[in-house]
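As written, the chain order gives the labels A, B and C, with residue 1 at the start of each chain.
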C-alpha cells in the first residue's frame, strides 16, 4: 500500500517535472515560435524573432507608434536634421541599462561606431549601413552622419538599438551576445540557447514611448513543429503562438479558452517577371508587355486571397504596401481577374497555344500551386522550381529566374525605399531594368523633403504597374492564437509588442 | 535517416544470419499457414499495382485539377452531411479529389520504391558480391565506402542534391538509390562470403572459369534468396524515406500526388482533419507491410532448413 | 587482434577525412552561405560584404584546407550563427540525443525481448504472428506521423505526458517511444530467432529433462545466450537512433544533435556540421570496431581473415 502511494507520488513528480506554470496566475507569458535567433544581439541576426526580442530588451532613439504611425522621441528627447546628412539627437536624462550603467550620448556614439567597425562582423548590416559615423557633442547630445542623403532616415532610426557603451568596450560583442544587456522594458534573465529565453520586467525602465509593461515575465521557446505548438496552446502549455495557416486558424477559432486574431503586416507577396530578358532565353515571352499583362489577368488574386491566404489579406496592386510611405494608389494600372482577356492578349502576342515557363519559389507551396493552376487554365505551362530561400535570392540576382514567387517584409520599414528601390533600382534583384523608374526611385531615396519624395516616387510606381513588370499579389496577414484571457493587440509590422499586453482580470 | 535503415557491416552480418532462422518445428506447420503471409501480401501488393496501373480509369477526377471552392471536403465516412458524392474520399486543401490523388499516388510511391531499390540494389550488390568473393583489399575498400556512406547524413546529401538539381521524381529516385545501397552491400557480402567456400565454386575455379562467369553463374543464383529478401526490405525503406524527406521539404515536388508528400501536406491540419493524414498514411503502411511480408514469405520459402 | 584494431582505426581516419571533404563540398553546393548569413532581406552589397568578411570568396580548397588545418590541432572553430564554439554546442546538445536514444533503445528492448521470447516459445501460433504484425506495424508508419499521433493521444487527449521541451525526464518518454518503436521489429525477430535456436539446443533440453522449471531454463540458458546477438544489434540501432533523431526532435522540440544537424545543414553552418559529422563518424567507427570484436569472438572464422 505504502509502496503504491510512493510510486504514485513519484510518478506525479516525474510527470509534472516538465509541467509549465500557469500564465495568468503568475503574470507571465509563455510564447513560442518556429525559429529563434542564434545570436540575440540586434545587429547579429536577421530572423523576425530577433527583431521581436530587440524591441523587448533594447531601445532606439526614436519609436514609431504602431497605431498612429508617427515617430515619437524615445531614448532621445528630441531629434532633428541639421543638414542633408546630419542628425542631432538630444538624449533623455536618467536612462539606466539593465546592469545599472547610465545611458547617454556616449553610448549612442559607441554603439554606432562599434557596429560600423568591420572587426565586429555585424550581420544585419542594413540596420547601420545608412550611417557613416557618430560624434559626441556633449553628454546629452550626439550627431549622426549619414553615408549619403537618405530620405527614410527616421524609419531607420527606429531600428538603431543602443547597446551599453562601457560594456561593449570592456566585454566585446561576443560576451555581450552570451549575457545580453540592454535598456528595454524587459531584461534577459535567462538565455539557454535552444532551450528557452526568459525575459523579466525591468523595474527601472524609463518608459518613454513604449510605456511601462504590465506582464512580469516572458518565456520564449522555439518549437519547430506547428502541430506541437497548437497542441501546447490547447492544453495550456503556451499562451501565444503565431503564423497560423488559415485552416488551422479556422479550426482553433471555436475552441474554448483560445482567441484567434488576425493582423495585417507590411509583408507582401509578388510574382517577379523576367521583363528585361536577363535569363537569356530565346523568344522570351516575358519581355512582351502583352504577355505580362495577360499573366496579371490570369491569376485569380481575389479567389486565392479569399480561400487560401487568410483573413486580413488584401489584393495588392502596387509594387509596395499601401501603408508604406510613398506608395501611391492613384493613377496606377489595375488588372482584374479575367482569364478570357488573358487568353486574348496571349493570342495577340502570338502565344495562342500558350508557352512553357519555369516558376521559382521557396515558400507557401499551396499558393504557388494555385497560381500554377490559374496559369495552366490560360495555356501557360509553368513548371515549379522549388528551392531554398538563399538559392532563390542568388538565382534572381544571377538572372536565372524567369518567374519568381517571392515575399518581402521590408524589415518592417514603412517606406517605399525599403522595397521598391530594392527591386527596381537597377540593383542585382531588379528584373525589369527600367532606367526611368530606377532614376526616379533613387532620387526619391535621396531627397529629404517628404513631399518631394512622394512626388518623385509616384510616376515610378505608376509606370511599374503600367508596364506590368511584376504581378503584385497580396498583402500577408498574420494570424495569432492566444489564451483568451490575454489582452494582446497585433501591430502591422509583425512585431508583437508584449510590453503593451496584459492579462485580463 | 530518421530512425530507419542502415546497420553497419558486421552488425548486419549477425542480423542477416539471425534473420534466417528455421527451427525444426517448421516442418510441422501446415502448408497453408506457412504460405498465408506470402499469399495475402502478394494479393495486397497486386491490388495496389493494379490500382496504380488502372488509375486513369478508376480515378473519378484529374488529380491535378484544383477547385478552390471545394477545399477540404470530408470523406463520406467522416461527415456524411458535408461530404460530396463526386468526391467520395474528400478533397485536399486545394480542392483536388483525394481518391484520385491516392490512386495516382500509388504509381509514384511504387515507382520511387521500385527504382530506388533497383539503383541501390545494383550498386550494393556489385559491391557486396565483389567484397565477399575477393575479400582482402576489395573488402577493405568496400568496408570503407560503406562506413563513409553511413557517416554521411542523408539530409545533407538530399539537401545538396535537391538544391543543385531541383526536386523532381528522377532526382529523388537517384538520391535514394545512392543512399540505400549500404545494406545491400553488407548482406550480399555476407551471403557471398558464406557461399564462397562451397564445392561448386571451388570446382568452377579449378576448371578455370573466368571470374565474371563464376560470379554470374555460380554465386548469384545462390545468393538470390538473400537478395530478394533485402530488396523487398529496401523498397519499403525507400517509400518510407521519401515520406520523411517530404516532411522536411526535400522530397518530390508538388503538385505530384506522392503519398509521402500528401502525408506531409496533411500534417498541417492533422489535429483537425485527421482523415487527410490517415488515408495516405494508411496507404503507405499497407504497401510497406505487404512488401515486408512478401519478402519474409519468399525468404521462408527459399531458405533451407536449419542455419545456413 | 591488435592488427585488426589498428586496421580499423586507419579505416576510421580515412572515413572521417573523406566524410568531411564530401560534406564540405555538399554544403557549398547546396546554396550560398553568404546569402544565408546576410538574411533574406539583405541587399546584394551586404551579401558581398559578408562574403568577404567570412572569407567565403576564397577558393574552396583553401577554405577547406583552412578548416582542416585548424581541426587537426583540435580547434573546430565557432558556429557561424551561434556565438558559441562548435565543441560547446555539441557538448550541450549531445546529452539530450544520447538520453533520447538510450531511452528509445530501452523501450525497444522492453518490447522486443518479451515479444520475441513469447513468439519463440509459442512459435507459429497466433501469438507469434500477432507479435510480428505488431512489430512490423510500427516500422511501416512514417515516423513523424507516429510521433504526432503520440502527441495527440498521450499529450492532448489523455494529457499524461508533456508535449514539448526539454524540461524534465517526462519530456523524453514520448519521443523515445517514437524513436524506439522503429527498432522493435528487428530486435524482436532477432530475439525470437536466437531463442528458437537455443531452445532447440541440447543443453537446454538436458536442463529441462533434469527437472528444472521451464522459467529457470528460459532465463538462465536460453535468454542469456539469445541476448548476445541482440545486444550487438542493439548497439548498432543505438547508433542509428543517435544520428537519425532529426524528425523526432523536430516534432517534440527537443534540443538535441539531430535538430542541430538539420538546422546547421539548412543554414550551411559549416563548422557545426563538420563537428557533428566527426562525432557521428567516430561513433560509427567505435561501434563497428566493437561489433567486429564481438563478432570475431563469436565466430573464429572471421578473425583469421
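One rule holds in what follows: contacts are C-beta pairs under 8 Å (C-beta built on N, C-alpha and C of every residue); 3 or more make two chains touch, one makes a residue touch a chain.
Note that the coordinates shown come from a computational prediction; the quantities given were computed from them, not determined experimentally.
Chemist: Taking each chain's centre as the mean of its C-alpha atoms, give the chain farthest from chain B.
Modeler: Comparing chain centres, A lies farthest from chain B.
Chemist: Can you name the chain whose C-alpha mean lies closest to the mean of all the C-alpha atoms?
Modeler: Smallest centre-to-centre distance to the global C-alpha mean: chain C.
Chemist: Just curious, how far off is chain C from chain A if you go by their C-alpha centres, in Å?
Modeler: Their C-alpha centroids are separated by 38 Å.
Chemist: Report the inter-chain centroid distance for chain B and chain C in whole angstrom, where each centroid is the mean of the CA atoms.
Modeler: Between these chains, centre-to-centre, one finds 21 Å.
Chemist: Could you give the separation in Å between the centres of chain A and chain B, each centre being the mean of its C-alpha atoms?
Modeler: 43
Chemist: Could you say which residues in chain B touch two or more other chains, in rising order?
Modeler: 159, 163, 267, 270-271 - these are the residues of chain B that touch more than one other chain.
Chemist: Could you list the positions in chain C whose residues touch two or more of the other chains?
Modeler: Within chain C, residues 30-31, 148, 152, 156, 266 contact more than one other chain.
Chemist: Please set out, as single numbers or ranges, the residues of chain A touching at least two other chains.
Modeler: 227, 231, 388, 391
Chemist: Quick one: in the complex, what on chain B touches chain C?
Modeler: 1-15, 17-21, 23-26, 28-29, 33, 37, 135, 140, 143-144, 147-148, 150-153, 155-157, 159-160, 162-164, 236, 240, 243-244, 247-248, 260, 263, 267, 270-271, 277, 281, 284-286, 288-289, 292-293, 307
Chemist: Name, in rising order, each residue of chain A that touches chain B in their complex.
Modeler: 226-227, 230-231, 245, 247-248, 251, 300, 303-304, 307-308, 365-366, 368-370, 372-373, 384-388, 391
Chemist: For chain C, which residues are in contact with chain B within the complex?
Modeler: On the chain C side, the touching residues are 7, 11-12, 14-16, 18-19, 22-23, 26-27, 29-31, 104, 123-124, 129, 136-137, 139-145, 148, 152, 156, 178-179, 182-183, 186, 189-190, 192-194, 196-197, 199-200, 229, 232-233, 235-237, 239-241, 243-248, 261-262, 265-266, 273, 276-277, 280-281, 284-285, 287-288, 291-292, 294-295, 305.
Chemist: In the complex of these two chains, what residues of chain C are touching chain A?
Modeler: Against chain A, the touching part of chain C is residues 30-33, 35-44, 46-47, 49-50, 53-54, 79, 81-84, 89, 92-93, 148, 151-152, 155-156, 159-171, 250-253, 255, 259-260, 266.
Chemist: Within their complex, state which residues of chain A touch chain C.
Modeler: Touching chain C: residues 14-19, 38-39, 44-47, 118, 121, 123-126, 129, 174, 177-178, 193-196, 221-225, 227-228, 231-232, 234-235, 237, 388-391, 393-394, 397, 408-411, 422, 427-429 of chain A.
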